[in-house]
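Presented sequentially are two complexes of subunit A, the first with subunit B as partner and the second with subunit C.
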Partner chain A sequence: MSTTTIAGHSVNVNDEGFMTEYDEWNEDLGRELASMIGIDELTAEHWEAINFLRGDFAERSETPTLRRVTKVGGIPTKQLFVLFPKKPAKKMAYVAGLPKPKGCV
Partner chain B sequence: MTVTHTNTTEAPLVPDFDDDSDRKICFVCSKGNLDMAYPALIMANGALAEGIETHIFFTFWGMDMINKKTMDDLQFTALGNAAMHMPPGLGKLSDKHMPQGLAGLPGMTGMATKMLKKQIADLDVPEVPEFLQLLSDMGAKLWACQMSVDMMGLDADDLFEEVVDVINVGEFMELSDGAQIVFV
Partner chain C sequence: MRQLLVLGAGTAGTIAVNKLRRRLPDDEWTITVVDSKPEHHYQPGYLFIPFGTYQPDEVIKPKAQLITNGVDLIIGEVDVVKPDESIVVLVDGAELSYDQLIIATGTHPRLDQTEGLDSRHYGETIHDFYTLDGATRLAEVLDGWKGGRLVVNIVEMPIKCPVAALEFMFLADAFFKERGIRDKVELTYVTPLDGAFTKPLAAGYLGDMLDRRQIALETDFMTMEADGDRKMLVSYDEREIPYDLLVTVPVNMGADFVDRSGLGDELNHVEVDRHTFLSDGHDNIFALGDAANLPTSKAGSVAHFAVDVFVDNFVQHIKGLPMTGSFDGHANCFIETGNGKGMLIDFNYDVEPLPGKYPLPGIGPFSLLKETPANHWGKRGFKWTYWNVLLPGRHLPFGPDMSTKGKRMQEMASS
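Right after this comes the complex of A and B.
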């Protein structure tokens, strides 16, 4: 297990830098993770997506795919690409302190 | 993947999302069978999720995927498909290939289509029209082949709304300059 220091907290991460311990995450860390990948401000829309990801992961032990965030979380796909440019599925997961989604679709 | 050694670093470890990649990929969909519609759509979905510029060009029988009259009703047939297995749930028989004589019986194509649609839905993968809408929302550009449109007597109104334009092969070559091309 690797650890890294983010905003003064020592957290467990995988070899790419994604957090591996669900309970180590908090909203301050989320803001810090976002700023490290170029998202300087988390708006209410960002939080809606992040909270859906965390809630869904808590229920299913699996990071939701983009389609699930749209279909079940109710956030349009186009908006996800605006909020988390280029690679929303991976970037949302990173900011929410979750593993990358595994599903193909 | 979680690494097993302990390694505390000073600078935070941040994933490389490679946002500046100029990778571009073009899929050519030339088949209108239900089973042959999916490979390009699933790969295009993966490409878009990676932030890759993605184009899909529909030609010949692939036009059925974007023709509003046919796109909801693509079929899957066991006829001529030597790899087709007997249906699941029949024990050892399910491992056997389906005799082609059986595949040609009346109603078999309808049954095979229904089964494949259910298997796809069970994986929570959308049907073709919804999938094309999703890809378009993700930023895919859909293009129709001019020669196929002419040959099939179609016009722009017959095509799925998200199709950007009808283009000829020269224009396809221009837009696919520098791209990886996947022909399905």
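Right after this comes the complex of A and C.
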């Protein structure tokens, strides 16, 4: 755990750079985090995914899996790979300021 | 009379009814268990069938034989649970009412969830070994196989017995060596995880074991489809892996009635408290074993440890007392590694698999995270223990809580 400054805000992050405090996040931070992993513009579709993740986490205290974003959030998996290339589950969580989804057991 | 209804007579359901019958007075409680199939399968045995080590009839017993006197067994398919009315409706229209309900219908491989798996190529160039039919068919194919590219892929986590796919690789390596055709076989292990296993330290050990056997490891591979005509496994990020023989571990899902009853998550696993297994929002519904959405391995060993904790809790719960037992997520798995050796891992929600000795600290006889002949015989001897000790609900010489005694804690990975 450590603190870092992103978009002028001091925030808590873990050693992989995932934010650890749900309430420290805001949309500006989301844009900045996205640009740090090579996503220069967040479109309405990106926000739909991010907002689903944030809302679902608030209810269940757990970062949703890709399947959950697809089934409950209604965004096709293929589309998530387009929006957040290569590793959508991790990248979405990173941008949304949520813990990395747990490697399943 | 009060009624306990149990759905599913697999590992968890069978142990639960056998233990509970001894704890619930006959003149106060009836116990009924419903299952769609009359036969119980020793599922850990599936792994050995493709290599001819076990024959299919060695892993089957009639359920009626495994369930204690005083428990009614109904063979039937569940249509829906109506929690508000405390009723379970079967597909044939029968209605069963309950005072307490335990859902133990497991989790099941679903070829239909991935494009191309449930196709005309299944049983030809596409196989699975998590069903008795699949494992049996694969045995016939491997027996006559001349070599080529054998790819094993895990479509999505969680799967039941997450080590079995790795064991399959180790056993395949040994099998082809013994047949003198290892040099004609390319083995590739494909996983959606970022390493060979879910837990960091064990992932390191198991990754090295793949390396030493020259088994290729393809990580972060989210399978989109198996293109059977081109014999190509395709990921969502458009990577392609060619195969001659694909042995797939499909998406695992809980029973469809769980979804229809509004009790499940997106994989139809029942949402429960991870320490007591009480269903979220229902005071008289529990889920045990693989059917529950616990963040631990889906495995018989977990079900067994979990039921130990559950039975005491349940007796408190029906008396209106708070449940004082708390399950710690304890799992242990023998991992068959080929050539007469095996490995053992032991872990829970909070502590990953560590090296050391089990169950007696410093003595064993089993070694954790290490390949030894004793571990192999532990695994092979487990079939007898399963039928004769575990399912009847008899005592094993170690309790449900995981112990860190005899383990080298300093090796815990930092993540």
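The criterion applied here is as follows: the second predicted complex is superposed on the first by the 101 of 105 C-alpha atoms of A that agree within 3 Å, B and C clash if a C-alpha of one lies under 4 Å from a C-alpha of the other, contacts with A are read in each partner's own complex, and residues count from 1 in each chain.
Everything below uses one rule, namely that a contact is a pair of C-beta atoms (placed from the backbone, for glycine too) under 8 Å apart; a residue touches a chain by one contact, two chains touch by 3 or more.
In this text, all values refer to a predicted model and were calculated from it rather than measured experimentally.
Of the two partner chains placed by the overlay, only subunit C lies in contact with A:K102; subunit B stays clear of it. By the touch criterion defined above, A:K78 reaches both subunit B and subunit C. In the overlay built on the shared chain, the residue A:S10 is in contact with subunit B alone; subunit C does not reach it.
By the touch criterion defined above, A:K86 reaches both subunit B and subunit C. Of the two partner chains, neither subunit B nor subunit C is touched by A:N26.
A count of residues in subunit A touched by subunit B and by subunit C gives the higher number to B. Overlaid on A, the two complexes show subunit B and subunit C touching the same residues of subunit A, namely 66-68, 77-78, 81, 85-87, 103-105. Per the touch definition, subunit A reaches subunit C in the complex via residues 65-68, 71-72, 77-78, 81, 85-87, 102-105. Looking at the complex, you find that subunit B touches subunit A at residues 1-10, 12-17, 19, 42, 45-46, 49-51, 123-126, 134, 137-139. Residues 1-6, 10, 13-18, 20, 36-38, 66-68, 70, 76-78, 81, 85-91, 94, 103-105 of subunit A are the ones touching subunit B in the complex. Those residues of subunit C lying in contact with subunit A across their complex are 156-158, 162, 193-194, 198-199, 220, 222, 224, 236-237, 265-267, 295-297, 331.
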